[in-house]
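The following pair of complexes shares a single chain, subunit A, combined with subunit B in the former and subunit C in the latter.
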Partner chain A sequence: MNDIRIKTVDLSKWYGKIIGLNAFKLEISSGITGLVGPNGSGKSTFFKLAIGCLKPKTGKILILGKNPWMNQKLMSDIGFCPDYDNLSDETTGREFLELVGGLHGLKKISLRNRINEVSEIVGMKKELYRKIGGYSKGMRQRIKIAGSIIHNPKLLLLDEPLSGADPNVRKSLINLIKYLNEDLGHDIVVSSHVLYEIERMTSKIALIYKGRAIASGEISDIRNLIDEHPHNIIIVGSKIEELAKKLLEKKYTISVGFIDDRKKIKVQVSKPDEFFDNIAELIKELNCKIEQMYSLDDNLEAVFNYLVER
Partner chain B sequence: MFEISDLITKILALIRYSTRKILFKKRIIIAFLILFTVIAVMGYAGAQDTDRLTTGSDLLGVLAVWFFMPVISMIYGCSVIRDEIDDKSITQIITSPINRIFAYFSYYISLAISLCLINFVITSLGFISFFAQKGIDGEAINIYTTFIGLVILGVFVYSALFLLISVVFKRPIYFGLFFVFIWEGFIGTIPGSIQKFSINFYLRSIGSKQLEYITLNQATDVNISLIILFGSIILLLIFGSLLFKTKEFA
Partner chain C sequence: MAIDRIKYRSWKGEKSSHFHRVYTIVNNIFLQKMKSKGILIILIIGLFLAHAFPIIFGALIPHEELTAEMMVGTNFISYLKNGLLIIFTILLVSLVCSDLISQDLKDKSFVLYFSRPIKTFDYLAGKIGGAISIISIFTFFPFIIYCLVIIGTQTGDDYSGSISILGKTIIVGILTTIFFVSYGTMISSLTKKKTYAGIGIFMSFFVLIIIGDIFTTFDQNWSLISPINLLFYSYDIIYGIELSSNLNSNIIGVLLFCIIFLPLVITFIQVYKKEVGK
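For the complex of A and B:
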């Protein structure tokens, strides 16, 4: 069985001199797929092309085997939750869901029942009669997700659903997205510019950068790619000079540099796994007191640059 | 059969939502301000020693039909779709399985219904505030029904025009201001055949044939005026809906 949900072939879209997508090639299958890329990488352009808001300049995009441009019938099978706030502050959550449900042909009792169901799913049942203007960021995201699933679509497109939400809301939204896939059977494409958030939802990701799909597959493969390139790690603490000397003796260390009056060191390593396996032992041996240790290369921008340059 | 019922459900959902949005948004304050202005001016004029039918019809014509009706139509017509494009709430419509042509017609119907309601209230209360003081008889009722008819007809034409404008231009209000104040307000009243290119002219032509108190040189036949106005509505709606269907929403 063909389980390709989205397929793009040399898809390009530009706005004047600004390129949104450039010869974009990607295949997305069933399940949850994470679309990861820094801000401005083309994620939202991809979604807008997928829902028929934009027309491709060249190439093609097929959603569930069909071209979405001027294909309103296809919208019965797609649910879309945009990254921007498309809610009217002056309407209530129920009015919003009545509109969306009505636009999908739901009427009277079936509409009422479905509103109750989806508001229950997203945990917004008690808030339905409140004006959206008084909703928190998390509530707004939830009501948007409710609107995107009210017609029980096959494919759900969630553009940055976690952006701007606080850690607790993020956690509950991640659980909700997993529930929508695992229990309700929606295939989901979810975008984010934060890799670890996507990792908590799925193992399948596509990396998008400067309008191109630069890698796709299992997250572990992408992680291996990332781990293969030199890592920059910052260590902050006392007796740091001793630690720097010891690190320089290790084969995996490429360079060590002091920053901020010798309170911090920046270590560049070729094999981050070996570094992380050994560092605890070294710290213990030298009796160092480490206040902070973080990897600069968790910054996706650096990873993407690296992957593009390979 | 199922598909038609399905389509009607979708259209009604959009009409209901959009009408509610137009009538209950903060912008309705403008309609109230206009209403108070019309009531105040007509109420004051009604208290003066003036010719009942001539002054009454002149005032009602100027205030309710020739000036404020196009202004209100412009304010609402230029914003109903454009506001949704700007705040991106149009996404709900674009990602719904309703043909965009029907979505456009739904917006038009909700705009026209709302404007008819607003202008009906303004014209009616303006009429009452003047004629209640001077006496309401058969002739006064004839003036009232004629202006109500002109207001409704005008609303349908201006709604079609400004809805199209709101899809074409990013800042439709500038075109709207030019059209209402310069084109309709000035070009539409100067002598010569240029005035035939204004909507105002055909509404006045119909009004002048119905009421002897409205005078208009070169007035066009009522049937021709009606054909031109209804033809304009149809053409504007076809053009607007096709533009909306093929428009990209970035």
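For the complex of A and C:
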């Protein structure tokens, strides 16, 4: 039981009449754990409770065996990367890291060395002196992750780190997250509303739905359920007609439809893992410019409904 | 990514680093604000008009010693009760304090601080310290420079009297800086929009001056409703200048305490209740 990193017992949090978490019961051990649930399911509330920025209404949450509420010392062992972008456009990446490093008590040479280390880890060393306002979505995520690991925390909490990123950035961020765990030894809890993204990082997941942890365990069991349902993916960008044609030739594609004046395509696939494996190569091959790619929650919702009704 | 495993180990919460964490916030705000063209322009013009001229004239006009009248008197060489000084101070406070808390409320960047080993008090101390570091360039250091220039060019021998005024001016500088920063920070914590906060700070001073002036015809104590009048009366008290018999010095003391400490309490509650302790 020593490797339990997060433990919640009947944890509940509600905002007025809106339920954030409801009798949430979960144990998260070392390694990478994926927290999967549709938007509004309570993932961000869970993270805010974990970093002590929210107080539970009932129940308890233990992070590394300690209660995080008003426990600022514990924050030295936790690194948090929020889902929203709170970076100032006018500051450079280096200034941002100097601020967060300083907030952890790092100074002078140790801070400078650590900034060099983390910027190398996240692949941002060359971009450090640029203003954050000029960063791409992927760069912003990377610098946020650098800020969350600057104090070398035992536990890393990443709230939707892949949201809004294009397929290539997603792939490199997934590699980075795996590297942080496998090579640097950080225990990581990463949230997403797309199961297939989590699957590329870990086999351990917890499903969260309407404020409850409804299942946890090996991803393969969940996948079997998901594969019974078609998976819908939206792709936004230019030159996507070619991509649509190519996708139709693939065996895993059930249908492709244009929406919003041919600026978007909705792809329905039977084998999402194969789709996600191939899509980056296809985009490169066709030289398409993809602005966004995201999965719709439909099929995951169906699995959640199935699990809840069971 | 062929790099060696990191040798660095996390910070373990030594007390000696506590002040450094607050200093980090102060330093960050100072550097950010000094990059702002608007703040730099107001600072440069304000320093030139409201400080450089009085300092040059003060040095050139023959004087025996530094007196309270030179600081807060009603004659033409009065330094601290200069309208330009007040207008530029209010403008500067509006610019510096407008986004101090409001931007964090808007961006939800409280999490940036509170997911670190930072308490609400540290956060506010850092924010207020950062604002003080800028405002003091206008409302503290020039006062000291003025006194030193006047003392350096005085023709009389009574240096002890001049140094006593210098000591009182240090208190006045600290009071003025904290007075404006405390008020500005509170306004910034009441809204998510920095424009509202900036205009709110600027306008509230003038509205209160107008209200104070209207009601002063009935009772002079009504003039205390204006923060600027309150500040000027407190200067008089510090420099030992007799107040009008119609004014109640106890009310001045209580109001001064309220206008400095109540905004700090309100700001703390706003941050704590709205974003941290939800």
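The rule we apply is simple: the second predicted complex is superposed on the first by the 234 of 310 C-alpha atoms of A that agree within 3 Å, B and C clash if a C-alpha of one lies under 4 Å from a C-alpha of the other, contacts with A are read in each partner's own complex, and residues count from 1 in each chain.
We adopt the following convention: a residue touches a chain if its C-beta (ideal position, glycine included) is under 8 Å from a C-beta of that chain, and two chains touch if they have at least 3 such contacts.
Small disclaimer: the values here were computed from a predicted structure and weren't measured.
With everything superposed onto subunit A, say whether subunit B and subunit C fit together or clash.
Subunit B and subunit C clash in the superposed model.
Does the superposition put A:Gly123 against subunit B (first), subunit C (second), both, or neither?
The second partner, subunit C, only.
Give one of first, second, both or neither to describe whether A:Leu184 is in contact with subunit B, with subunit C, with both, or with none.
second
Return the chain, subunit B or subunit C, that is in touch with more residues of subunit A.
Higher number of touched subunit A residues: C.
If we overlay the two complexes on their shared chain A, which of subunit B and subunit C does A:Asn113 touch? Say first, second, both or neither.
Only subunit C; A:Asn113 stays clear of subunit B.
Taking the superposition on A as described, I'd like to know which of subunit B and subunit C A:Asn152 touches: first, second, both or neither.
second
Check subunit A for residues that touch subunit B in one structure and subunit C in the other, and list them.
Of subunit A, residues 15, 48, 51-55, 72-73, 75-76, 78, 80, 82, 84, 86, 88, 90-91, 95, 98-100, 102-107 contact subunit B in one complex and subunit C in the other.
Residues of subunit B touching subunit A in their complex?
6, 9-10, 12-14, 16-17, 20-21, 24-26, 87-100, 245-246, 248-250
In their shared complex, at which residues does subunit A touch subunit C?
15, 48, 51-55, 72-73, 75-78, 80, 82, 84, 86, 88, 90-91, 95, 98-100, 102-107, 110, 113-114, 117, 120-121, 123, 151-154, 179, 183-185
Over in the complex, which subunit C residues touch subunit A? Could you list them?
Per the touch definition, subunit C meets subunit A at residues 1, 3, 5-6, 8-14, 17-18, 20-21, 23-25, 27-28, 31-32, 35, 107-119, 275-278.
Which of the residues in subunit A end up touching subunit B in this complex?
15, 48, 51-55, 70, 72-76, 78, 80, 82, 84-88, 90-91, 95, 98-107, 147
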